Amino acid sequence: MPKSNNKEEILKLLQSVSDGKISADDALLKLQVQPFEDLGFANIDYHRGLRQGIGEVIYGKNKTDEQIKKIVLNMLDKGLTDILITRISQKTADFLISQNIDLRYAPIASLGIAKYAQKEQKGLIVIASGGTSDMSVCEEAAITAEVLGNRVERLYDVGVAGLHRLLSKQDILVKARAIVAVAGMEGALATVIGGLVSCPVIAVPTSVGYGANFGGISALLSMLNSCANGVSVVNIDNGFGAGYIASLINKMESAK
Amino acid sequence: MPKSNNKEEILKLLQSVSDGKISADDALLKLQVQPFEDLGFANIDYHRGLRQGIGEVIYGKNKTDEQIKKIVLNMLDKGLTDILITRISQKTADFLISQNIDLRYAPIASLGIAKYAQKEQKGLIVIASGGTSDMSVCEEAAITAEVLGNRVERLYDVGVAGLHRLLSKQDILVKARAIVAVAGMEGALATVIGGLVSCPVIAVPTSVGYGANFGGISALLSMLNSCANGVSVVNIDNGFGAGYIASLINKMESAK
Amino acid sequence: MPKSNNKEEILKLLQSVSDGKISADDALLKLQVQPFEDLGFANIDYHRGLRQGIGEVIYGKNKTDEQIKKIVLNMLDKGLTDILITRISQKTADFLISQNIDLRYAPIASLGIAKYAQKEQKGLIVIASGGTSDMSVCEEAAITAEVLGNRVERLYDVGVAGLHRLLSKQDILVKARAIVAVAGMEGALATVIGGLVSCPVIAVPTSVGYGANFGGISALLSMLNSCANGVSVVNIDNGFGAGYIASLINKMESAK
Amino acid sequence: MPKSNNKEEILKLLQSVSDGKISADDALLKLQVQPFEDLGFANIDYHRGLRQGIGEVIYGKNKTDEQIKKIVLNMLDKGLTDILITRISQKTADFLISQNIDLRYAPIASLGIAKYAQKEQKGLIVIASGGTSDMSVCEEAAITAEVLGNRVERLYDVGVAGLHRLLSKQDILVKARAIVAVAGMEGALATVIGGLVSCPVIAVPTSVGYGANFGGISALLSMLNSCANGVSVVNIDNGFGAGYIASLINKMESAK
Amino acid sequence: MPKSNNKEEILKLLQSVSDGKISADDALLKLQVQPFEDLGFANIDYHRGLRQGIGEVIYGKNKTDEQIKKIVLNMLDKGLTDILITRISQKTADFLISQNIDLRYAPIASLGIAKYAQKEQKGLIVIASGGTSDMSVCEEAAITAEVLGNRVERLYDVGVAGLHRLLSKQDILVKARAIVAVAGMEGALATVIGGLVSCPVIAVPTSVGYGANFGGISALLSMLNSCANGVSVVNIDNGFGAGYIASLINKMESAK
Amino acid sequence: MPKSNNKEEILKLLQSVSDGKISADDALLKLQVQPFEDLGFANIDYHRGLRQGIGEVIYGKNKTDEQIKKIVLNMLDKGLTDILITRISQKTADFLISQNIDLRYAPIASLGIAKYAQKEQKGLIVIASGGTSDMSVCEEAAITAEVLGNRVERLYDVGVAGLHRLLSKQDILVKARAIVAVAGMEGALATVIGGLVSCPVIAVPTSVGYGANFGGISALLSMLNSCANGVSVVNIDNGFGAGYIASLINKMESAK
Amino acid sequence: MPKSNNKEEILKLLQSVSDGKISADDALLKLQVQPFEDLGFANIDYHRGLRQGIGEVIYGKNKTDEQIKKIVLNMLDKGLTDILITRISQKTADFLISQNIDLRYAPIASLGIAKYAQKEQKGLIVIASGGTSDMSVCEEAAITAEVLGNRVERLYDVGVAGLHRLLSKQDILVKARAIVAVAGMEGALATVIGGLVSCPVIAVPTSVGYGANFGGISALLSMLNSCANGVSVVNIDNGFGAGYIASLINKMESAK
Amino acid sequence: MPKSNNKEEILKLLQSVSDGKISADDALLKLQVQPFEDLGFANIDYHRGLRQGIGEVIYGKNKTDEQIKKIVLNMLDKGLTDILITRISQKTADFLISQNIDLRYAPIASLGIAKYAQKEQKGLIVIASGGTSDMSVCEEAAITAEVLGNRVERLYDVGVAGLHRLLSKQDILVKARAIVAVAGMEGALATVIGGLVSCPVIAVPTSVGYGANFGGISALLSMLNSCANGVSVVNIDNGFGAGYIASLINKMESAK
């Protein structure tokens, strides 16, 4: 399926009508039946790859090991590679490997990649973080971006309370085509970086902190209210989402 | 100043030290003194243009007519063009025009542009909105993007409660290089568009609605929790910010 | 358009393909172009009537008098009747009437009905309210239900702090096929009614009250947490929505 | 008791007064003493069946195994069947079975049914969900509706980020007499379905998601602010409540 | 009606059944029909006086002058006195007086009393406030308590930031039978008073303050979390409610 | 100390000054040194008994077994009886008993009473609850009131969704001198009871429920916004506080 | 009164007891009667000057012109100078001046100073702000600090989105003995300054901004979660409080 | 590194340019490279000691034992002493000691100090707390202040519900140069202390309490709204931050 072309299929259907091979009535229903696979508990969306340039990503949390296995095997059968499985434990990763699935697992990011196909990494995405404790979110972003074929540079623990740490990396920041700014607590990192560079900044608030941090709300609001231009925000702890968007941006080609 | 080059200036300073024209001690202080203009009540930041490829944008709200006039005149003196002044009333616009400032004013967007220099509009940014009531936010985004040199297509009133309205525009959506999705109430538009396209979507929650809408929180949370990939979010009603980010993305050139 | 049939139209299109009158390629695009009218600022959705058994409802708030007038005239041109326009002022109503629009206006509900076609009122919907102050929301629900062809009984000011007021109306309550329970403050009315009857109860929290009422949040949470079965909730002050749902339920026919 | 008739009993009491068998004074008190059973820790409400067409439902959470057992046995003694026990663990179910209670247990829904009496399933209720992770809430709704005698169709994992998955099921959706839309995260499913169908939609926000999902608030607000008509909302994760309301609606008979 | 006796009336009804003057069926319905007056927009609850020892209180906000007038006249017709009308403006008071209603108006409290009957004031209720700005809430409480026949002592502007102001009044505080503690901002007054006395303290948070005061939430939470025993809380700015409860307590008689 | 008299002590001090036995300077400091005991980690407040008619109550949560033991022993040494220790586990109770402390423990209420002295129970306090799950909060209130010398009647599981359960107990309700209304979920019980009786009602929101219950906020707001007069509120789950206030009220004597 | 000495007065009272001029009983009561002035609506606290080194500050909001006049005149009578009156309008200031009160009024800060006595300004307090729009809060802080006798340096519009503006002022920042950091929106200024200096930073969140700024909550949370050491926070828009605390710190003398 | 001098280093660099030993271009980059150590997962900030008079403090939470060990050893290598490690368990402390790190551990405060160097303790900081349960936060503040060289006095369990406990310690309070007021629940302690003293008060809300305490929000809001002057606030449970600020203030020297 991922090798076929969606538009062609629909045209083929319309031509079958044109050719009288199928009645208009029947086509009406078929027309809306899209090429996804029904596993009973999950509809795998093979169109997404066509529409978005990346295959289905599996959100592992709240899924059983068996469910994940079935989804992955089904996707591998279709010839898909570089299948990202987010938020899975080492235990789940071990299980998948024991089932002969070719899986790489990144424990800090709790991220698995089935059938990883090394590819050229282009452009430059910088992942910057405020503190050591944000590392799992950072790595989710970084590895997502790498798997999607981007060159990634990590700048960790460059929080704004020690500004020189960040300023000393300005040469790297200005070369980036997209920056993912990961920070908990007061979330000021996104604004300060946003003021230093001219590329888009994707801000990821994290739930790191305590007290009036309120599980990341503090950083989230701070980032949404950023007085720097060029900063947009994703959900709390959503490293994958930020890495994905940074990849979309980094891989842009010149407008014609 | 806007015509000079920041890096060169600093090199020149360091060379003056090297040449003995200025002492190391004096250079230490000068090095951090940046080329902004102090008007007493406002420090105009001419570096931002250098760093971010766009001149200072004036946030008009909470500023007096006199303050805005002084800032604009100061910027025009430096040779700047296309100065955006957001959130100003018709009254303020009329005042600025009466002071011989070359100003275009867009009343729906409450947006002024001083010394508008028509330029080529490239690529394609789509501004989609859920309802007629979101139009002021949409226009702030659309005009910002146009002034920054992007081609803009407006898809207004394509909310998801009448899905066919949106689906009938799919041919435009898929051509976009960046989409700004503006919606109040339940904010589902961003997610639905995010599922249909492969370019980055910048979601703008609006304060339109009533009751449990809570001034835009409902749409904001909805957009942050979007299950579609590629969606990032800006502040409630922040049309300018979304238009600015969409412009950064649309104007990306291929990575080398 | 409202007299035509959506399904037939699509079949006709497919038959044109079958007949060779139109190419498959062209049909592909047309297929998704739906029969709504583009007024520039608003896409009127004529399909909704087909899909939902009621014409487009105009949410009047945040629209100019001119915009409302254009939308109404456009709808009347299509032969639509009983066009509800919610949240409009007496001033707007007077304007529409001055434009020769056949409009009835209910000032307490801030509701207008263009080209009201008296119809038989069937079944029974009860609108119950906690206090006199909730009357505008109640009337929005009641008139909506009446215009949609339902018999409506109003039980106002039967708040639970004087339980006998409500209990004395039990004979009416048990005859209802759907009940709209409107209450601000502590919102207990929905739960008490929910415990007394066997039909669905649609709860409408209102913003009436003060202090820790928080603009209706108190009643909203109370209703969502109702320990009575059969109670569902709509947005704060959303009388129209509740009247609409009650109408859908009251007009149900026996399952075959 | 469930075989007797409440109204008749009260009439009988009043006739005893009329016959002089009981004094007016004594009747005054008796009149308000209703036929519920006092177990010390719980008052079982046998009237509810009369009033609402379904027996007492036991909310299992926060009750001990012994308390649940006593309530169930007491109800079975009265001849009740199809007793729903929500939110109980497998362990509790096993205990009840070990006490010779005829119990069916649905582990995904954490739902038990004592003395299940197979009955004809009529009409059609559709349970649609945004993702695999919402399945426990969905099943609570689905089984509740089935036990109450409704035909149920499950459409799981049809979230709006892959719109074609939902659109391909439109033929089922339009046949439904009531739809339960279950979704976490941004909760857009309820609005999109609400725009596609003409029957009442009961929206169930779920606590599935993370970050700014805030345990279901995001989906709750999204659903309350739905721009689609016909959508009402129940409490977060309240599958039982939604299934119950859908049943009330599906079993409506034509108004006379 | 207020001179009759509720219990007697019901007995009379039951005796009519016993005497054969009325059928049991008819009595069944009548039994729940209570002696309130239906004005169309308001059900005046004459039972409340019987049940609660005070006539209906009119919540004036959101009612029109005409509505209030009709309710008051209806109540005066029944022979009621000391009718409290809360939250009305001077303008409304003037209107009522112009309609020959015997009304006293307290402008600071925005409170009217129709047909005020001077009575003996017994016991002692103290109304203490944190600052001058809380005075309208204080006076609503004080006058309510006075009209209900209690002796009231006012201790205004004794906030805890100047503790000696409060401590110097300790002799009055310890004589009180109930204390209403009114405070905005940090609301500490209730706790400090609660620690000094042995009578019940009714705490009234006010919306006075700014910033993180959030319209009284700060004081409300502070009072709910009071570490002093004997403190209970009413709604923000609810002076009437606090005065009413203090009156109930002050008028308690010794248990037999 | 509890046998001495606070006022006398201070007078004695002042007389020592008058007699020249102590200098004015020294008296100045002593005057503010109150008779509490410093245990290093806790200042036991023996004055409270004098001021409030009940000894220090020990809030057991967050205290170690050893700390509680030391505080209790110290109080027993002073001759105190009926020492309430709230929120302690069976394990802590067992430990205290093993240390030869004369303790009664109520496991449902998690409440211990050291040296319980049976006393006459006067008046009547009713503890009413919405559901079985609120029982621990109810029992904390009930036992507190009993230990303080009040007669207590328990009405459990009389939630408003089955109104007749509550109405059948009206004869008990109207005899109460104070009522504690305990309810989670939508908290309507307090309002309904408040409308039925003329005594003060102390409302206790509980954290029982799920979803939009938000740990008791829903019931708390509902109770604060009660449209019934005479209802005041204590903190979520604060059974002790409510029982204590009900006791203060029940034990009021007639004003002289 | 302000010239007398509190301690001496109390000693004098105790000596009167010692001398037999006053009975111990009478002294007991007097002892707690403190030297504040009761104006009926306000208790002026002359002790505060003794306790806190500054006279009573009048919070002007919610007070009538007449009330403010009376309080000021009363204070001037006592010989007080430098009386701060916060949050008053130009109109109120004009009124006070028209009453022959020697008043200076700062319109941006909405602050009046009665009988301003020029004094030496010592040390250094820096007031830094993120944007022009925060100026009223800044000036309230700055003038408060100046009136209290501190040297003040203003650094306005040095927000972190243009970091060089702030860094160029580092020489002033490091000389400060206390810094007031005023910022709305994302409030990052406090953290960045906190990382650059070693003196205490008092952070003032402002309500400037829009959307998810929520009237200053965003900046408040950001500042409370600051990852920089030495930062404490005052209420939203509380310029006076911050200026006052900065003054306390700046005027510290070396510990002995 | 801590023995060197930051300014000198930069001058040396500039002199190298002046001497021709390094090119201006190279100096440009070096100039911003600050003396921090990169451990891969953490950038230790040795400049902070220079800027803020205290070495890097390690926030232990969310760091592994191995990470903490590496950071500590690296800091000890640089000759640092008195390294504070906050929020670590006894287990982590034991591990560090087992690795031959000279560590003192305070279990109540969960605080470790590596290479503690006894120093003279000057001035006076008072740590006051509302209840025994706040002790861990208090001790974090107290030990932080002691390690930084301040004399500390602890006043625990002096909550305002028993005011005399606090008043009896007034002689200690008035001697303090800075006070840390730690309180949960209603947080009134900070305001009452703020009204009694003239030194700065740093308020620490704690998460101690239950119900509407909301994990410390209640106390936080109470403290932010304090009506006493001189009170500023830190994050919930942030004992370290408060002790640090109190130390900055206590160690102030007289302005010259």
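Order of writing sets the labels: A, B, C, D, E, F, G and H. Residues in every chain begin at 1.
As a working rule, a residue touches a chain if its C-beta (ideal position, glycine included) is under 8 Å from a C-beta of that chain, and two chains touch if they have at least 3 such contacts.
What you see is a predicted model; the values in this text were computed from it and never measured.
Set against one another, A-G and B-G show the most C-beta pairs in contact at A-G. Copies chain B and chain C of the same sequence differ by a rotation of 90 degrees once their CA atoms are superposed, given in steps of 5. Between chain A and chain H, two chains of identical sequence, the interface residue sets overlap only in part, with shared numbers making up under half of the total.
A straight line joining the Cα centres of chain G and chain H is 26 Å long. In this assembly, the C-alpha centroid of chain B lies 41 Å from the C-alpha centroid of chain H.
In terms of their C-alpha centroids, the spacing between chain B and chain D amounts to 50 Å. Shown for chain H are the residues that touch two or more other chains, namely 48, 131, 162, 195-196, 211-213, 217, 220, 224-225, 229, 235-236. Considering their complex, residues 130-131, 159-163, 184-188, 191-192, 194-196, 209, 211-214, 217-219, 221-229 of chain E touch chain H.
Every residue of chain G that touches chain H in the complex is listed here, in rising order: 48, 51-54, 57, 122-124, 177, 195-200, 202, 220, 224-225, 229-236, 241-242, 244-245, 248-255.
For chain H in complex with chain F, the residues that touch the partner chain are 131-133, 135, 156-158, 162, 164-165, 167-168, 170-171, 208, 210-213. Across the interface of their complex, chain G is touched by residues 29, 32-34, 36, 41-43, 45, 47-48, 59, 61-63, 67, 205, 207, 215-217, 220, 235-238 of chain B.
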